[in-house]
Structure formats: C-alpha cells, structure tokens
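Shared between the two complexes below is chain A, which pairs with chain B and chain C, respectively.
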Partner chain A sequence: MTIPIDWTVAGPATIVLVGALVALMVDAFYPRRTWLGSGLPATVAGVVATAELVRGDATGTPFAFSLVVLVGTLFVVVASNVMNFENAMPPGEYHFLLMSAAAGALLMVGARDVVTLVVALELLSLPSIALVGLRQGDRDAIRAAWTFFLVSVVSTAVTLMGVSLLYGVTGTLDYALLGRALVDPAVPDGVVSVAVVMTVVGLLFKLGAVPFHLWVPDAYGGASVMVAGFLSAVSKAASLGALLVLLSVALPAAQDDWQPVVAVVAALTMTVGNVGALRQDDAIGLLAWSSVAQAGFLVAPAAVVSSSYALPAAAQYVAVYALANLVAFAALAVVLRLRGSTRLDDLRGMARNDPWMGVPLVMAALTLAGFPPAVIGLVTKFVVIRPVVDGDHVWLAIIMGVNVMLGLAYYLRLVVTLCERPVGEPYVSPSPPISVRFAKSTVLIGAAALVVLSAWPDLLLSHLP
Partner chain B sequence: MSRRWGYVGLTAVLAVVVAVWAVPEVMRHGYFGRYVGASRPGVDPPLPSLSPDLFLFPQAAQIVLLAVGVGLLVQIYSTAYLGRHPRYRSYALVIVLFLLGMIAVVGTTNLWVLLVGWEVMGLCSYLLIGHEWETAPARTGAAKAFLVTRVADLGLVMAIIVIGETYGTYDIVGAQVAQADGTRHATLIGLLVLVAVIGKSAQFPLHTWLPDAMPGPTPITALIHAATMVAAGVYLASRLFFLYADSQLVLTLMAGGAAVTMLMGALFALTSSDLKRALAWSTVSQLALMLAAVAAGGAEAGLDHLVSHGVFKALLFLGCGCVMLAVGSSALSAMGGLRRSMPVTFWTMTIGFAALAGLVPTAGFFTKDSVLHAIEVATDGDHGLAPGVARALLVVALVTTFVTAAYATRLWVLTFLGPVGADRADRADHEVREQPPAMTGPLVVLAVATFALSVGQPLHLGTGLLSTAVAGAGVATVLLLARRGSALDRSPAPLTSELWLDRPFSRWVPAAAAPLARGVVDLDRDAVDVYPRGGAALVAVVSRGLGLAQTRNVQRYATVLAVGVVVIVVVGVVLR
Partner chain C sequence: MIVAALAVPFVVGLLLVLGRRFVSGRAAAWIGVAATTVSLVLVAAVWEGREGVSGEVDVAWIEPVGARLHLGLTAVSWPFALMTAFIAVLCCLWLVADDTSPALVGLVLVIGASALGVFGSLDALLLFVFFELALVPMWFVIAWWSDADRDVAHRAATRFLLFTVTGSALLLVGIVVAAVEGGSLELTALRPTAVAIVLITLGFAVKTPVVPLHTWLPDAHSSAPTVGSVLLASVFLKLGTYGLIVFVLPSDHLGVVAPYLAVAGSVGIVWSALACYAQDDLKRLIAYSSIGHMGFVVLAISTRSEAGLAAAVFGSVAHGVITGLLFFAAGSMKDRYGTTSMAGIGRGLYGRAPWLAATFVLAAVASLGLPGLAGFWGEVLSLRAAYDVGSVLTRPVAWTALGLALVGIALTTAYVVRAVRLLAQGEPSALEADRDLGRREVVVMGALVAVVVVLGLVPQLLLDLYGPVYVGVAR
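== the complex of A and B ==
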C-alpha cells in the first residue's frame, strides 16, 4: 500500500524537520555552547525550505501563509543569536524545538483534513511549550510553560470533542468531503453548531483570542523574548492560515454557525487586548497585550471569509504584522540582553542615544499602529477593514476603527517614550559587552523592509495573493 | 552672522529654482496649447486632490518672480535689521514658508493646492505679524489679521466647492475649458470670490486688519504688502475673472467697493501721523485701484499694476524701516531733515514716492495709466460694467490719483525735508546715520527695478496726460503749502480716527462674541468633556482589572477557558 504524499506541502516541512535533527546532532557531538553550531544548520534549512516553497507549485492562501511562517522562522533563528553564550539556554535543544514547531506550523497551514490539523496543532504546541520553559533555572519560565501547557491541553480537548462530534455527524474528516456532507439537510443543525464552534476553539486558543487569551501575557513575559516573538508571529500566522482554510473549505455550509461567533470573538479580542495594553509599563507586556489586540484584527476577515477580499486581506495583514512584531521583539531582545531591562522608563530616549535599535522599534510600533510614516501599516489596516465592510459587518468595522484609535494611544506612548529627550546618563549595562551583530542586523533588515514597503506598498499588495 | 546668511542662501536657492522655472514663461505666449492637465472636466466633481499641477501664464510668472525677488531682498535686509533677534531662525524660516505659500497660490491650476498656499500664507502672516509677541499690539494685530482673513478663507472654500459642483473640475484651466460652453452660477461664484478677495486684500469693509498689522517687523510688512499676502487676493480676482465676468451684480459691487476703498485709503494716508501706517493705508488704496481695473474688465492691467506696486511699495517699506531704525520711531513727528544724513535712503525713497504718485518715467506711472485706460475703455458699456458706474469709477480713480500724489509728497516732505520733528529735536542723540549696505543695497536694487519695469510698458496718451496733470496738481499743491510754511498736519477728526470703521471689529464683535464664547467653553467643559473623561476613567479601570485578572493561577485560567467555551457555544447556538 502506498500513501499518496503531497510534496508541495510536505517538502518544506520535511526540510525544516531535517534541519531540526541536524541542529540537535551538531550540538550533541560538538557541545560548545555557541549559538552558531546549531544555528547554522537551522538557518540553512530555513533558507532551503523557503527556496523549495517558492520553487514548488503552491499558490494562493497556503503559499502566502507558509511563506510568512518560513520567513518568520528564519528571522527568529537568526535573531536568536542574541542569546549567544547565555549559559542557561541550550542552543541545540532550542533550535530543535524551534524548527519542530515551525514544521508543525507549516503542516497546519497545508492541512486538508481535520486529523492532520490536530496533529500539526500539537506539533506546533508542544515544542512551543517546551521553548517557553527552556531557560534553565528560571522559575518564571517554568511556571509560564506550565500555565501554557495546561491551558493548551484543555483547549485541545475541546477541539477534539468538536472533531469527534463532526465525525459522528458526517462520517468523514476530509475538508472537501466535510464541506459537501454539511450541505445535506439531514444533518442535525444543533449538533453541527456545537461541533463547529468547539473545533474552532483550538485554533482561536493558539491565536490568543478572547476568552482564550489569558495565557498570552504570562507566556510572553516568562519566555525568552525571541520565543515570544515566535509565538506572536509564526505561531499566530499558522493558526490564522489553518483557521481560514478550515472555515472556507470545510465549513462554508455551516457559515451561519460560526460567523457570529467569530465576529463577536474578533471584536472582543481587539477591545480587551487594547484595553489591557493601555496600562502596561513594560515594553514586552505592552507588546504581549497588543498582540492579543492584533489577533482580533487577524480574526476579523475570517468572519467574512466568503468575501473575495478576505483571504488576501488576512494574508497581507498577517505578513506585515509578523514582520513588525518580529522587528520589535528582536530589538527588545537586544535591549534586554545589553541593558537588562525593557521597562518603558528604561527605554526613554532610546531613539536618540541608541538609534540603531531605537529607530527600528519606533518604525515597528508605528507600523503596528498604522500611523504614517509607516504607510504600510496604514495600508494593511485599510486592507483588513475593507472586506469587513464589504461583507456587511459594518458594526464590526466600526469596532475595528475604534480599536485602531485605542491602539494609537499606547503605540504612540511607546513612540513618544522612545523619542523623548533622555533624562540623566544613558543606562549602561554592567555586564561585559556581548556581540549581538546578527540580531542587530536582522532588526535593521526588518526595519529596512518596513521602510521599503512603506514607500512602495504595491510590492506587498500585488505579490502576496 | 554666517548662520543668518545661511537663510539668505536658502532663499536664494529658492529664488534661482523659481527663476529657472518662471523666466521662460514670462516670454511665452499662448494659453491653452501647452497645458496638459490631468483633470478633464466631467459631470461630477472629482475628489479633491493635492497634485501640484504646476502652471504659469506670463503674468503669474512675473508675480512669482516678484515674490521670490522681494523675499530674497527682505532676507538680506533682515540680516541687518533684525539679525540679533533671539528668534531669528523661526523668523527667517517662516519667510521661506511664506514664499512657498505664495508660489503655491500663483503657480498651480489646482484650486485645492491654491487653497493650501492661501492658508499657509494666512498662518505665516499671523506668525510674522506677531513675531514680537512680547508686546500687546503685536499679539492683537496678529490675531486680528488671522481672524479677519478667516472670513476670506471661508469665501474661497465655498467658491472652490461651488466651482467644482458647477464645472465638474477643481482645475482652473479645466474650468476655463468647461466654461467655454457657457457660464453658470456666475453671480454666486463671483460673490464668494469677492468675499475672499475683500478679506485677503483688505478692502472695505474688512480693511482694518492691514493697518493694525503694523507692529510686525518692517521687512515683513514690506513682504506682506508688496509681493505676497494681499497680492494673492487681487491675483485670485483676476485669475477667476472669467467665471464671473458675465455677472453685472458682482462687477458693480466690486467696482463700488474698490471706489470706496481707494478714496478712503488715500484720505486716511493723507491724514495719518505715522509714516508706516500711512504707507499701509496707501497699500489698501492701491489694491483697490487694481481691483477697479479687474472690475472694469482689465484684469491684465490690474496684474501689471500689482507687479509694479509690489516693487515700489517694497522699496518704500524697506526705506521706512531704515528711517525707523535711524530715528527710533515711525511717527512722522520724529522725522524731518533726514535728507543730508541718509542720502541713499532719501534718493531711493524719492523714486519710490514718485512711483507711488504716478510720475513719469517710473513704472508706477505706466501701470497706473494702464489701469485708468482700462476703466476708461469700460465706460462704453461693452465690458460688463454699466457705463454710468464706469464713469463714476473713473472720476473716483482720478480724484484718488490727486490725493495719492498729495499724500506721497506730504510723506516725502515731512520725512526728509523740512525742520527736524519735535519728537526728535529734544532728544540728546538726534544724530542719525545711514544704514549699513545690507539694508541700503536692497533699496538701490528696488529703485533700479522701479525704472526698469517701465521698459516696454504700453502708453495711452490721453489718460497718460490726464493722470500726469492730476498727479502734478497734487504734488504742486502740497509743495506750495509746504513752501508757505504749513506744517501739513491738517487732520479733521473723522479722518484721523479713520471714520470709526474699526469700531465693529474692536468693540461690537468682541462684545457680542464674549458671552457666546464663554457659553461654548462652559458647555464644552461641563457637558461634552464628561464623555471623554468618563471614557478614559472607565478604560483605565477596566485595564487595571484585566491586569489583576492575570493571577497566574492555572486553575482559574482553565475555568475561564471552559466557561468561555460554554458561553460561546451557547451564543453560537442561540444567535443562529
């Protein structure tokens, strides 16, 4: 018996997994605790997988989301170099877990049946949990990982319950067959409603949507900064991609069931996230809450997935969001390593006394806020609101508009803090200087990409489907 | 020192760029042929755009050249006049912005860009008039200029909207193309344009802001009065003339307003006891003369006079600045007898006063002659204006010519000839000296330009002889009076108090507006602000609550999650 394998989907994921194994092996046989030893194979695997994806014949939404996942992973791998010579972080395990999670993310986007989806979800979740708790001897990290794990298990259980109900009702788990089976009027409506909502819960949990967001601030705060970046960018992009495919291919017939739920969740998520971010006084906490709010913007087009604008809008928004968030997290990782703090008070005036990290951070914050001169942020905000208006969810569009304003309140506070005149002497780290060239250059490249996209938004809009 | 010349350099670069752009246009002829505007007239007005749509016709090119030329001279002059001022940087940069605003008004066919330039000039004039904001007159003068020209802005915005709705384009040339099929809403557009022009160019009844803008630094007065701000109003009137040329009502109103303003301004200038204020009134009067030409259908004559007036009025104001710096006051009673001690200023200002009086062979004579000729042509009734109105306008213009020559001579005599004024004679340091070359140089340049601009100007023999005779009579009268020993300060009370025309603006409007403003402030503070303040407080409380909810208690998280699932499922099923 031969199992048909779709190499378009499996190819990049396999390459990434091979890279993960090689990274682990290198570290096992040459345990010198430097970051490059295992980081290099991971980087090469990321590049090759990206090449394979671009060369292959994947198109449309899966291609866009896979690309975001791969480029995001690559960014995280290179920027993680900031943890070089950090004794508490084992590089081999780190890269292995990171690449495994990335493979899970890729499979999730490419999944075409619910079982693959659940397995990929677990392949993404479990290494992520381990990554959060990887820092040795750090009680906060372990506690965060523990929280993340338990909440994750509960949500997976709910999803599995939904999946089993779906299977019970329709007798199939394949997306396409599910889509056809649900059209059948003989299928009991009530059960389908419950099943569909429960299935979606697992993905909403990974996205950090309200009311499944409680783990987000804790996990981001406890994990290494780059791991938080990975969770906020790559993991979210993959979950969103999977959610969109699931809703548009498998469950269009049950649209009446999930559409109000998804819309309400999107509205709640962005509002709660923004309100939570308002009073944060630590840059990482602020970004954690802001990424909850951004999850709301990500989910919003899913509510109107039948609109022809929705899928490209979501892909374009998530690409820019992931890039800006990764730039911000990487810059903060550098700052945390060099200065030992990311509290807003300690970041005061950074754009003046440390422009190489401060200005990219400003650019990323402006992009996330959708405020010129970061035109691309503004453009994608428009892009993501358009399908919502188009799909007759005007109330949701209004809430999105209000939330854009709410977001401005704290993003601009961050920007103002960074651009203020510093008071007193700039903070100098007592520890000896560490080389963070790789991380710094990734930040700069990412910020440059944001600038280029702001000058020519068409580069993104016409090339990402 | 070098810092100040840096701003001169910046202005010079701007001037060179503008010259490269505008000089070829001065020579060129043919109006529509080479214009390739993007906006084609349609049925519905397009969305307002801010595309530059640069376009110059020959006279507009002259006006931008005048603006940057005077602007450059003003910058050079200011290095000596105001160089030690602590806020020199903002002063010099606002001048550059001012010039950019004027270029935007004159150099575009896009009405919205024109509006932006118009507003930028309004803002800059506010900033510059109020440059010495430590003094109360500067603050009130700036605020008055800003508020009164707001009325003009309102007229312009409405006019732009009506033009867009009528002709389906916000492009001036586009409107001109569309207008060829027939003029529509001429009276409405004309009235709105008239409001804009009256406010911006300080015409009756909104004329009082211009003399009150005198606390501004004198170079700025030169810039505002000669080349930029007030010129924009006249420019707009002639640029959009084709849109309201058919409307008898608008033309008659414009002619009437111009007649009243020109005579009134000239009489106020004749009786003013302050050199700078007299020159300001003279600007009001001369602008009215230009608008009279526009109303008579001679828009080109009006723009020609705008250019030559810009040159000699800049000369007069800059010279006035030299005198003021020398004697420490702008009151005429502090002057007199400056001919020997300030020869360069004396000779250049003599040329300026001659141009103002309209004496041969200065540019002022030729362009005033063109204006009078245009009005005279209009008396045949073929140019929109009723013959009777045109005849009355011509008579008023000739009377104004007489008065203008008279007050120009009076100012000249009182400033440079005659005995040393009472205010200065009893001061110990009444020794005055000529100003440095950075200040006299621009005067010489402008004096030369006053003659140079008369080259190639058309001459209309009949009106030319008549106006020379009238002006000569005015000059002679004043000289005779001075020869007989008159102090030239005969000033009836209604004229010295400027007919109490400022009273509505200085007393009645504030008195009426104050309670209203207080009411609005109270309403805003006590009623409207409750919502944002309450909202902010609520959000702050919720935000803190969300922070407290992060207890790191896994059991609670799991509970929230489970309850959330149940709620969502119930909502999903119920909403279905």
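== the complex of A and C ==
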C-alpha cells in the first residue's frame, strides 16, 4: 500500500518539524541554555518553510492560512527572545514545543480528510497545553494549563464522536467524498445534523468561541505573554482555516444544519468577548477577552461560506488580526520584562515616555478596533462584514456593527491611556538583556507593516487569495 | 488641487502635533492660519461650475473591495467644503495667543482636513475613513483643552465619542449593504436598499443630531474649548446633514424613513427651543439651539424637493457661520469673565462692551431667522418645502411637521429675546473684566458677520447653484 503525500502541504510542515527536533538537540548538547542556541534553528526552519511555501504551488485559502501560521510563528520565535535569561523558562523545550505546535497548525490547514484533521488538532493542542504550563514554579501557569487541558480533552472527545458518526453514515472520511456522500438522500438527516455539529465543536473550541471561551482568559493570563500571542494568532488562524475548509469542502450539503449554529456562535462570541473586555484593568486580560471577541468576527464569514466573498475575507481578516495581535502581545511582553506590570495604570503615558513601544501598541489597538488612522483595520472590518451581508445575514451584520462599537469602547480606552500625560517616572528595569532588542525589533517591524498596509491596503487585499 | 487642499493642513497639523516642543503657541497658530488659508484658496479655486464634478481625482485604491481614491466637489459638497475651510482659518486665527498649545492647533488642522476629506470624497469607503479620522482628535480637544472640570470634560468627550462611533458602526454596515446591492462604492452609483437606508439614516442622525439621539451634544459642546465648540457645531454637525443629503435624500427608499425624519426634525425644533429657554449657561443654550436648526435641515431633507435640497444646504452653511459666530462671542465672554453663565456675566453688555454686545445680538437674531440675515433663508425654504409636501411625504405628516416648526419658531424668538435681554440690555453692572473686542476678535468675528450679512442679503450666491426654481422664492 502506498500513501500519497502531497508535498505542497507536507513540505513546510516537515521543515518546521525538523527545525523543532534540531532545536531540541542543540539545547541538549549545547550546555549554555540561552535562547539564541535553540532559537537559531527554529528561526532558520521558519524562514526556510516560508520560502518553501512561497516557492511551492499552493494557492487560495490554504496558502493564505499557512502563510499566516508561518509568519506568525516566526514572529513569536524572534519576539520570544524577550525571555532570554529568565531562569524559569527552558529555551530548548520551549522552541521544540512551539515548532511542533506550528507543524500541527500547518497540517490542520492542509488537512483533506477528517482523521488528518483530528491528528493535526492534537499535534497543535498538546504542545500548546505544555507551553502554557511550561514556566517552572508558576502556579497560575499550571492552573491555566489544567483548564486548557480539560476543555481540550472534552472538545476533542466530542469531535471524535461526531467524526465517528459521520463515518458511520457515509463510510468515508475524505473531505471530497464526504461532500458527495452527504448529498445522497438515503443518508439519515437527524444523524448528520448531530454529527456535523459535534465535529464543528472541536474547532470552535480551538478558536475560543462561546461557549468554549472560558479557557482563553485563563490560559492567556497564566501563560507567558508570547505563548498567549501564539495561541491568539497562530493557533486561531489554523483553526479558522481548518474550519473554513471543512465547511466549504466536506459539509456544504449539510449547510442547513451548521449555518444557524455557526452564525449564532459568532454573534454570541463577539458580544460576550467584548462585554468581558470592557471590565479589564490589565492590558493582557483586555487583549485576551478582545481576542475572544475577534474570534466571533473570524467565525462570522464561516457561517456564510457559500458566498464568494467569504474565504478571502476570512483570510484577509485573520492576517491583519494576527499581525496586530502579535505586535500588541510582543510589545506587552517587552513592557512586562522591563516594567514588571501590564496594568493599564502602569501603562499610562507610554506613547509619550516610551514611544518605541507605546506607539506600536497604539497602532495595534487601533487596527484591532478598525479605526483610522489604522485604515487597514477598518478596511478588513468592511471586508469581513461584506460576505455576511452577501449571504443574507443582515441581522448578523448589524450585530457585528454593534460589536465594532463595543470594541472601540475599550480599545480607545487603551489608546487614550497610552497617550495620556504620564504621572511620574515609570519603573524601568535597570539591566535588560540585550536580546530584548530582538523582541523590540519585531514590534517595530510589525507596526511598520501595519502603517504601510494602512497607507496602501491593496497590498494585502489584492495579494492574499 | 483638491488633494493639496486636504494634504497641506493635514501634514502641517501632524507636524505641529509631533513637533509641539519646538514651536511656540503663537507661531504654531500663525502656521495653522497659513496652512488653512492655502486650503481655503485651493477649495475656492477648484470650482468649475455647478454641472458635474470639480477638481476630480480618481485613482485606484483597493481593487478587491472596489474602493477608489475618488475626490471631487459637486454643487452640494462645495459650499460645505468652503465653509469648513473658512471656519478652520478662523479657528486658527482665534488661537493666535500666547497661551495656545501648539498641539491644539495641530489637532484643529487635522480635524478640519478630515472634515474637508468627507466633503471631498466621492467614494463611500473613503468618506467613511475621513468621517472616523476626525473623532479621536476631537476627543482629545474636548477632554484635554476643556475649560470645565477634568472629569466632566472626560465624560462629555467619551459620551460624544461613544454615541458617534455607535452611529458610524451602523453606518458602516449600511454602506456594506448598499455596496453589496449596488456593486459599487461610488457615491453616485450607490443604491441603498431599505435596510441600508435605515442603518445609514440612524448613523448620520446621531451625528446631526436628530432628536432623540441628541443627548451627547449639549455636554460635548459646552465642555469643549471655544475652537472645539466651533468645530463641533459648524463642521461636525454638518458631516451628519451632508451624509443625509448625499446618501439618504437621493435614495428610492427615502419614503421608509422620511416621515420619521420630518416628525423628529420638527419635534427637535420645539424641544430644543423649550430646553434653551431653561438654560443659564450660554454655551449650553447655543448647543441646544443647534438641535433646532438641524431640525429645519432634517425636515427639508425629508421632503426630497428641489427647495428642500436648497434649504438643507443653505440651512447647514448658515448654521455653520452663525453658530460659529455665537460660540466665538461666548468664548470672548468666557475669556473675560471666566464663565459662560448668563447670571455670572451680568446684564447691560451694551454699556460695558458695546461691540461685543452688538456682535452677540446680531448673531442671536440671525440665529432666530431675522430676514436679511443668513439664518432666514434656510428656515423659510425649509418651511416652503414642507408646505409643498414634496415627493415622498404625505400631506398630513408634512403639515403637522410644518405646524410644529412654526410653533418652534415662535418659541425660538422667545428664548433668543430672553438671552439678549439678560445679557445685552438692562442696567450695566460693571465688572472689572469688562473690555471690548480685541484685534484678534474683531478680525474673526468681523469675517463671520460679513458672511452672515452677505448670505442674508444675497442668498442667490448659494441658491443659484441649484437651478432657478426656488430662486424665485428667494427674490
């Protein structure tokens, strides 16, 4: 028996996995446990995999989502240098787990049958859980990892249940064959409805959609800041990509079953996330809840995946969202390292007394809010609402509009706090390691990319699917 | 040219905000005057006639969305743009003083440029970007340079921002719906459906504001510094009326919202007049009176007639100059007496500061619609349009609105006369701070007085843009 391997999909993932193993080896045999030692192979693997992806002939949605995953991972790897010489974090394990999770994310986007999807989902989930709890001697981290683990196990179980039901009624697990089998009127409708909804649940969990959102604030708050950034950007992009492909290729025949569910979940997710974010006093908590809300915006085009606008819209939205979120998390990671706190009160006036970190944070918040001068954020809001209207879900579009407003309320609060006149001199760590500069440079590059995209949004919108 | 008219104040404004440490307030204000004057001259010079689009610039922008960088001025938008540029010049002139903060001048320039961008955009998405761009700078102007208590100003600014962004979120959805249906974002090609029209109307109604969505306005206008109040009243409210004129008025589905607009507009006239009668604070009084004037404009829009269009544009521009003048006058009093409470300022300004009093009274009677001054024509054309019923309203609705508006006019006269009596007339109770207009104030207010009088005596200057039909009314 031969197993066909599509190297367009498997190539970048394999390179990333090799990078993970090399990172682990380097760390094992190179006794000075610095971040550069194991970070270098991880970085190289990220760059090579990206090059391989761009060189290869992948197109459309998988290409866009893989690109977001790879660039996001690369960003996280470089920005993680901010943790250099933090004794609690073991760099070798960190890079190994991070790259393994990234490989899982890549496979998830490329999956074309349900078993691959579930395996990839686990390959993404398990290292992520370990990453959350990796910080030694940190009780919060352990607790966060436990919550994450339990929710993850439950949702995987539900998904497996759904998958087995699907296999039971159709006799196949291949996306394309499933799509054809479900059209058959002999397939019992009731079972299909249950199976489809259960299958989708696992992916909604990874996206942090309501009602599976409660692990998000916990995990983001307990994990290291850059791990939270990874979860919010890379993991989310991969889950969304997998969800879109699953819905559009395998399950279009069962559209009537999942469409209302997904639409309602999207509406609830953005509302609950925004309301949660309104009450936060800590910038990381605020970003955690806001990324719950953003998950709602990400899921919304999935509800109307039959619209020709839907797939590009989701890809473009997730790209901008991931970039802005990573910039914000990286900036906060630097702030946490240098000042020891990310409470809003301690960030007051940062755009004035620390413009190199404060202004990118402002730009990221404005992009997430979809507010000029971050035109790209506004344009992607437009782009993501368009398929929803095109798919005749005007009610959902209106809820999205209201949520844009709710989001503005707290993003602008963050912006105003950052721009305010500072009270007193902030505490700044006297001797930050030089590698913090690497993290700073990623923040600046990311913010510069946001500025360029705002000046010319076509750059992204015309070139991503 | 139109690009330069936007870019010059915008870039200069940004530079002033960034380089606020390297320039004195007075110098910054003069730089601002120069930039806005350039912008004003360019806007005026770009005019090519009422047929078609003047100074059109059309460049591809975001292909996949169908958005273009499409700028140009039409017979509708040119008066708005001209008025905005003019007010921006005066705001900068007003700031020529030693205690001015350079950053404030910069923000004023950015706000003015953004508003010009709204009036100059022929693409819905571009218009929306400019529409939002001015909001955050305005928040800072209200919250940081307010004369009021810091917390009060913060709350007023935040409420202003939240109301406006709620409106603009609905507006965004409305634009998306219209764009999906019409297949284009060109303002001229936009074909909003009934749902889209409701959303867009709500969005602009918050900004205009239409009763009962006006509750953000009095606090914001009265907390803002003088130039902030002027910009809010003269320019920001016009973003709302302009939006209604270009998005809602030409739509086939105007009938869905027109009765509500007509009734809400005329109720607003009465309501605001009653509220004004109870005010002691001069700035709050002016703020409430704005709601009434916007009521006339909204009523005119809801009729969709040629007279209605002319009334809406004329009413908006006239309100811009008159209310600008009123707020500048109130600002002068604030500078002198440290308060805008009419009881605090005291009576008999005719005797204490004659030119200031005369200017204030002229603005006040212009505001009530005295024939021969600018306020008259907008109101009379609006009433005429309501009397003629127009193409979408029914006669009972139109005439009910007309009746309410007439009651409102009577009430307006009452509160204006009250304010004039309380401030200008009576036995002078001299205060130490009494001082007549300074040079800077004479220039700013003189320019506005001239415009108010010229527009009042020669309304054809503006009305001729809209064809001969109702110029007959004006003659």
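Just so it is clear, the second predicted complex is superposed on the first by the 459 of 465 C-alpha atoms of A that agree within 3 Å, B and C clash if a C-alpha of one lies under 4 Å from a C-alpha of the other, contacts with A are read in each partner's own complex, and residues count from 1 in each chain.
Here, a contact is a pair of C-beta atoms (placed from the backbone, for glycine too) under 8 Å apart; a residue touches a chain by one contact, two chains touch by 3 or more.
Note that the structure is predicted; figures quoted are calculated from it, not measured.
Q: When the two structures are overlaid on chain A, which partner does A:Ala79 contact: first (chain B), second (chain C), both, or neither?
A: Neither chain B nor chain C is touched by A:Ala79.
Q: Between chain B (first) and chain C (second), which does A:Ile398 come into contact with in this model arrangement: first, second, both, or neither?
A: In the superposition, A:Ile398 touches chain C alone.
Q: One more residue to check, A:Val265. First (chain B), second (chain C), both or neither?
A: A:Val265: touches chain B, not chain C.
Q: Could you look at A:Ala351 and tell me whether it touches chain B, chain C, both or neither (first, second, both, neither)?
A: Neither: A:Ala351 stays clear of chain B and chain C.
Q: Check whether A:Phe212 is in contact with chain B, with chain C, with both or with neither, and answer first, second, both or neither.
A: First partner only.
Q: Could you say whether A:Gly190 touches chain B, chain C, both of them, or neither, answering first, second, both or neither?
A: first
Q: Is A:Val201 in contact with chain B, with chain C, with both, or with neither (first, second, both, neither)?
A: first
Q: Just to be sure I read the superposition right, which of the two partners does A:Val375 touch: chain B = first, chain C = second, or both, or neither?
A: Only chain C is touched by A:Val375; chain B is not.
Q: In the complex of these two chains, what residues of chain A are touching chain B?
A: 143, 146-147, 150-151, 154-155, 158, 189-190, 193-194, 196-198, 201, 205, 210-212, 214-215, 217-218, 256-258, 260-261, 264-265, 272, 275-280, 406
Q: Along chain B, where are the residues that touch chain A in the complex?
A: 539-540, 542-544, 546-547, 549-550, 552, 554, 557-558, 560-565, 567-569, 571-573, 575-576
Q: Enumerate the contact residues on chain A facing chain C in the complex.
A: 312, 371-373, 375, 378-379, 381-383, 385-386, 389-390, 394, 397-398, 400-402, 404-405, 408-409, 412, 415-416, 419, 457-458, 461-462
Q: Under the definition above, what is the set of chain C residues touching chain A in their complex?
A: 60-65, 67, 125, 128-130, 132-133, 135-136, 139-140, 143, 161-162, 165-166, 169-170, 172-173, 175-177, 179-180, 195, 199
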